[in-house]
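Next come two complexes, and both contain chain A; in the first it sits with chain B, in the second with chain C.
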Partner chain A sequence: MIALTLRDLKLAMHSSGAWLHGVLFLLIFALLCAVALGGDKTVLSSIGPALLWLAIIFSLLLSFEKGFGDDARDGTLEQLYLSKLSLPIIAASKLLSQWILIVLPLLLAAPLLGYGFGMGADDIRATLIALLLGTPSLLVYGTFAGVCLISYRSGGLLLILLTVPLMIPTLIFGLSAVDSYAADGIINPPFKALAGISLLSVGLGIPAIAAALKTHLETS
Partner chain B sequence: MITWLANPLRFLKFAKVVGPVFAVLAAGFIAFGLWQSLFVSPAEMYQGDSVRIMYVHVPSAWIAMMAYSMIAVSGFISYVWRHPLADNLGRACALPGAVFTFLALVTGSLWGSVTWMTYWEWDGRMTSFLILLFIYIGYMSIWAVMEDRKRAARIAGLVAMVGAINLPIIKFSVDWWDDTLHQKATISSPGAPGLGPEFLTPLFLMMAGFTCLFAWMVITTVVTDIAKARKAASVRAKTNAPANVTIEAAP
Partner chain C sequence: MTFAAFTLDICGVSVSRGARAIVERFDLTVSGSELVWLRGTNGVGKTSLLRMAAGLSRPDAGSVTRTLGGAAVSASVLTGFQGHRDAIKPSLTVHENIAFWAGLSGSPDAEAALAKVELTGREDQKAGTLSAGQSRRLALAQLWVSQKPLWIMDEPAAAIDVAGQKIIDDLITQHVRNRGAVMLASHAAPRGLTEKVRFITLSASSVAGAAV
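Moving on, here comes the complex of A and B:
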């Protein structure tokens, strides 16, 4: 499993920076928000956490299509299926590599955006913790939808349609976690709910992704 | 009963009898219910005549949720036992379900415009019904875009199950997020004021009517789908049949 994850990371290293597209999108989104809201830091900082969550969700939605797409196109997926590896292991290693390649750069760039929006250190810290707890669930939903639509080219809008309803709880708890951080620290219900949703979605998502992979491999 | 009906031929026979029965029942219940709700039942003390929207709104919402549960259950059956009739059933529930969800949203919005002075508010129930509508559209688009029927059935089943697991979480989170405007379950929750019999009679009549209407729609769609599949199969059999060639001796 680790070897599979490492393979994905090595491939990304040779992709001339394709993994940075998400971060680039994040910066563009921040620029657009700042311009649209008149560059007023008092406005920006008050809705900063929401803007950060939106930026990360949109950026993730754009990158989900890659997921297993390349592996399916060049036949790697079939080869892996024929090897002794079980599909849930393949799914889990892909989730891990996607998290490192797509989510981690976004999380590293998020404080920068927070500073740009003029958010306080506490707000930035709270948003970052909430994102850290919440993004695994977003990744699972998107990867699942991506695998479901793997054989259907240009399924971008459909992927968003399938993923967004599932993301709503994460977004709701993510934002209320930031709100309650100032009063209660990180031991408060929304943070726990976020962690719970992420654990649940990873636990149930791996078999679901494996089942979707199996459907793809059996019916193609 | 379900295993007995799982045979498409038996289902067709069953549908031939039951479909029209549901159609007649639906027409009867809805006609009687409309008469009850528009003429017999009184206007409510505070809301006046606008309370009559309830007789369409509540049954629509009820069908919207029932249809999704049926989709999820038939998705599970289709995924585990790969039964084609379960695919047909789930697929047939999707469009009526989406339409009733939309109807619930529209009637709710109209009702809200009179009683809450707003057509739309980001209240918990309204938001979660909007999300339900998007889930329906996503489910239907999978059937629409995938040409391979077998794959579409399996993926749609998976998506329906994942949606069903997530729906309670979505409902809970959205209610927790903002639950101020829409009233709670009035009839079923203990200690609730409840509705008087003069309101409940037309409401239950309309619910029965809507349920029969939905059942009739689903059965008709399934029968049509089976007929279509058969026609396609017979056309395929004809075109694949060996051609009759007679070889004549050259003159």
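Moving on, here comes the complex of A and C:
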């Protein structure tokens, strides 16, 4: 499983920075927000957490199509299926590599943007913890939808339509977690809800992605 | 290495593409030291049948059972598959490609496999710079390191020159002598294959098997 994840990372290193597109998009989104809101730090700092969540959701939506697409097109997926690895292991290792390549750079960039928006240290910390807890669920939804749509040439829009409704609970709890952080710290219901959503979606998502991969193989 | 006794038993199998049945009530048993050659015109269902035999798809009707050393096993234990797509990552080197698959199957023979397909000396070349025939040979090396007893090969000689065809023939011959088996589909006439070949000719909706 680790071999598979490492290979994905190595492939990304050879892709002339394609994995950084998400971060680039995040920066551009933040820049445009700052310009659109007149650069007023009192406004920016109060809606900073919401902007960060939106920026990260949009960046993720852009990145989901990669997922298993290349592996399915070049025949790697069918060879992996016939290897000793089981489909859930293949799904889990892909989630891990996608998390490292797509989510982690966004999480690293988020505090800088929060600082740029003039958010307080507490708000930045709360937003980062909420993102850390919530993004695994977003990644699972996107990867699952991506696998379901592998065979469709123009699945991009469909992927967004399928994924966005599932993302809304994470977004709602993510923002209320930041609001309640000042009063209650990290042990408050929205943070627990975020962790619960992510655990549940990873737990159910791995077998769901495996089943979708099997369906794709059998119909191709 | 030689392989333990195994069988692939295809029994009364039907395969369809879309709504159209292309293979109906097909029976075939393949065991060690056999070379089965599927022939037939385009669209007659060779690829569908091979994918099903490899365990990549399920038949609409009938059953496919696989045994190794007398015990029922799953497709991933028994079959290796070489399809139209080579499962090669162009941005990785030849060695990185083969080493990954060798590592997955626990085979120590990545270099030996490259030598067999005469790609020695190209280890550090990006796989994307290989010619179509060389990519095909790298895919063949990947099949070799999978250490599977039963090779399912769909047009293994596509894009391959005469020297390359000899490499394929030699590998197939060696595999069959190691008590492996090969089930392949190819339009090319039998070449230097010295093992006994069992021909199966598929024709539209009526399947006749004949041993030669």
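What we mean here is this: the second predicted complex is superposed on the first by the 220 of 220 C-alpha atoms of A that agree within 3 Å, B and C clash if a C-alpha of one lies under 4 Å from a C-alpha of the other, contacts with A are read in each partner's own complex, and residues count from 1 in each chain.
Here is the rule we go by: contacts are C-beta pairs under 8 Å (C-beta built on N, C-alpha and C of every residue); 3 or more make two chains touch, one makes a residue touch a chain.
Model, not experiment: these values are computed from the prediction.
When the two complexes are overlaid on their common chain A, residue A:Leu85 makes contact with chain C while staying clear of chain B. Within the superposed three-chain model, A:Phe144 lies in touch with chain B and out of touch with chain C [touch as defined at top].
In the superposition on chain A, contact is made by A:Ile168 with chain B only, not with chain C. Of the two partner chains, chain B is the only one touched by A:Ser176; chain C is not. Legend: residue contacts after superposition of the two complexes on their common chain; A:Ala208 is shown touching chain B, with no touch to chain C.
Once chain A of one complex is fitted onto chain A of the other, the partner contacts of A:Tyr152 are limited to chain B, with no touch recorded for chain C.
Residue contacts after overlaying the shared chain place A:Ile197 against chain B, while chain C stays out of touching range. Judged by the number of chain A residues each one touches, B leads among chain B and chain C. Common to the chain B and chain C contact sets on chain A are residues 219.
For chain C in complex with chain A, the residues that touch the partner chain are 54-58, 75-76, 79-81, 83-89, 91-92, 96, 100-101, 103-106, 142, 146, 148. Chain B meets chain A in the complex at residues 79, 131, 134-135, 137-138, 141-142, 145-146, 148, 150-151, 154-155, 158-159, 161-163, 165-166, 169-170, 172-174, 176-177. The residues of chain A lying in touch with chain C in their complex are 3, 7, 10-11, 14-15, 73-76, 78-85, 217-219. Interface of chain A with chain B (complex): residues 144, 148, 151-152, 155, 158, 161-162, 164-166, 168-169, 172-173, 176, 193, 197, 200, 204, 208, 211-212, 215-216, 219-220.
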